[in-house]
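Presented below are the structures under discussion, each in the form of structure tokens.
Both complexes below contain chain A, partnered by chain B and then by chain C.
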Partner chain A sequence: MSQDIFVVIEHLRGGVADISYVMLAAARSLAQGTGGQVVAVLLGKDAQKLAGDLAADKVLYGDSPALAEFTSEAYQIALAKLI
Partner chain B sequence: MFGHTTIGADVAGGLSAKLSLPLVSSVRTLTSDAKFISQICGGKIMAEGDLPSPTALVTMVPGGTKTEEGQSAQSPAIETFAAPALDNLRVALKKYIEPEAGDVDIAKEQFLVSVGRGIQLKDNIEMAKELAAALGAQVSASRPIVDQGWLPTSRLVGKSGKRVKPKVYLALGISGAPEHVEGMGESDTIIAVNTDPNAPIFNVAKYGTTADLLELVPALIEKAKQAV
Partner chain C sequence: MKIAVPVKFVPDLVEELTIDAGGAALDTSWLRLIINEFDDHAVEQAILLKERGGGEVTVIAAEAEGVDDFLFTAAAKGADHLIKLTGDFSGGMNSHAAARALADLFKEIQPDLILTGVQAHNDLDGSVGSLLAEYLGMPYVGYVAGVTSANGSVIARKEYPGGIIAEMEVKLPAVLGIQAAEQPPRYVAYNKIRQVMGTSKIEERAIASLDSNGGATVSRMSKPEPAQRATLIEGSPEEVANQLIGIFKELGVM
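What follows is the complex of A and B.
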């Protein structure tokens, strides 16, 4: 588990930011060495559909009305729980 | 792993402090043997190192891999986790501020009449606009003017706005903070009007005057109109 690479998916106003895909590709090359999985972490409200084209082994999706729009504080609380 | 973006750097920095985890920022490439290459000093230096183990936070800059490599035609499996209680948050989104669409691109203009805090009142913006029109220039601004909502964000010059390089930059009541100068310091000819003789704008200006812009601008408008 500790060898898995968690990629926090960045998205704004209904679209996944390009940097998210860049990270997934980079995570893939790192995971080849660690033997772990590439896990995309997606936070939002009714945002599962954004996971559709992510090149990840698994998507961890956290849903909350407080995650409907990005705030650093809400993201930090939600992510601290996963790490 | 986070994007080295406004969002990603904000979250990763906070988490690093909160959880006492190492944070490697501005990473461009990661290799299978857990080495990273990081862009530091604004990309002037490439730093290489080993990722700290067992858990490290990383912020990534684009360029090392292509976006297509991170996309897949096949949908990945989705596992839902219960988000913790997110009550009493101190920060909430109030609104998105859109850049004005269809406005002029001040970065392409050759003559800018730029206003700063010294303009004092919203109504005085009209004076600057009138002068710009008489001179065939466009109006731009420094941060305080845009923060007040007196001119749209598309007119902002500086670190967080546009980088401009006109032939003539007429700075009216702009003190010349480093963040502003970063966006206009390379203009061909900078003319500064500021009542404060110690304002740093005079360090980059070719011509300057400590005349009160509220008296000077109407006079300039008159002269400009006569010259046409």
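What follows is the complex of A and C.
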């Protein structure tokens, strides 16, 4: 099993939610213990630019019209495939 | 439309909470339980839907002190069927276990719509609603604050941060996590509840075993530990002001 910590980035109307930065910081401290990487998962439509200020070792970006607005089902399908 | 509302009881935070000898759970011997506020809203939303469009409302709760009164109160508000899950729940029931037990029940009673509180203050294991949707293969929308029924589907009003409200059309059968009903849970007079106690029946369903696999378990529980982060400044208002000025200068903000 990979020791990486995945953080699902929350965003709305072009801005990353503060909680995502808190989660990235928490993931960083967990990753130091596991020796894995912090992986930010960003899902959306034309939202690549939000990846710029995410303090992660790697950002996985998924782009689809179905991900333009948050719905649990679309996120679940995309995340399950990624994981 | 058949509407099912699974609810749960949670510790009353007004009371003093004590940790049991094992150190990983609350001492339940004096613990007062109350209905999870969000579940109370889910019941209200179900009754509102029934009043507007007809249907049947079933309220389901696991055995606990006060559950019978709550179920009869729900019946006095307009619920048609009351189900109490019985079994050995002394080891606690995490959200995975609750969702699995409820999923088995719902496969049998086949509701069109399941409304449940979106969260509870003692949830450590995710919300039951989303797990239930997964086990039943149904769509799920959480943080819902208002539901109207449409043809074969419902329109769920969902609040996003920043004052945005989305309306989502959800095909039935579906599970909705209720944050707030369209109106606060209604009051029912005790004599009406007494009346209902004579005519309504609580159906008991035995849960043979709980499957909590995949869920979180508590390894240690403690009261918040005081941190050495606060400094108390004492003295007359002038002395306090002078000390504050000293601190601000030291920090370089003055």
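Everything that follows uses one rule, which is that the second predicted complex is superposed on the first by the 82 of 83 C-alpha atoms of A that agree within 3 Å, B and C clash if a C-alpha of one lies under 4 Å from a C-alpha of the other, contacts with A are read in each partner's own complex, and residues count from 1 in each chain.
In this text, contacts are C-beta pairs under 8 Å (C-beta built on N, C-alpha and C of every residue); 3 or more make two chains touch, one makes a residue touch a chain.
Remember, it's a predicted structure, so these values are computed and weren't measured experimentally.
J.: Please indicate which partner A:S72 is in contact with in the superposed arrangement: first for chain B, second for chain C, both, or neither.
T.: The answer is both, since A:S72 touches chain B and chain C.
J.: Figure out whether A:A40 sits in contact with chain B (first) or chain C (second), or with both, or with neither.
T.: first
J.: Answer with first, second, both or neither: which of chain B and chain C does A:Q32 touch in the superposed model?
T.: In the superposition, A:Q32 touches chain B alone.
J.: Please indicate which partner A:K81 is in contact with in the superposed arrangement: first for chain B, second for chain C, both, or neither.
T.: So A:K81 only meets chain B here.
J.: With the two complexes superposed on chain A, say which partner A:Y61 touches: chain B (first), chain C (second), both, or neither.
T.: First partner only, chain B.
J.: Could you look at A:M23 and tell me whether it touches chain B, chain C, both or neither (first, second, both, neither)?
T.: first
J.: Which one hits more chain A residues, chain B or chain C?
T.: B
J.: Applying the document's definition of touch, where does A:F6 land relative to chain B and chain C: first, second, both, or neither?
T.: After superposition on chain A, A:F6 lies in contact with chain B alone.
J.: For A:D53, select first, second, both or neither according to whether it touches chain B, chain C, the two together, or no partner.
T.: Touch partner of A:D53: chain B, not chain C.
J.: Residue overlap on chain A between the chain B contact set and the chain C contact set?
T.: 12-13, 17, 69-73
J.: Could you list, by residue number, the parts of chain C that touch chain A in their complex?
T.: So the residues of chain C in touch with chain A come to 130, 139-142, 160-162, 164, 166, 168.
J.: Considering the complex alone, what residue numbers of chain A touch chain B?
T.: Listed in rising order, the residues of chain A that touch chain B are 2, 5-8, 10, 12-13, 17-30, 32-34, 40, 43, 48, 51-64, 66-67, 69-83.
J.: Could you list, by residue number, the parts of chain A that touch chain C in their complex?
T.: 12-13, 17, 69-73
J.: In their complex, what parts of chain B are in touch with chain A?
T.: Touch residues, chain B against chain A: 1-5, 7-8, 10-11, 14-15, 18-19, 21, 27, 29-34, 54-55, 60, 62-73, 75-84, 86-87, 89-93, 96.
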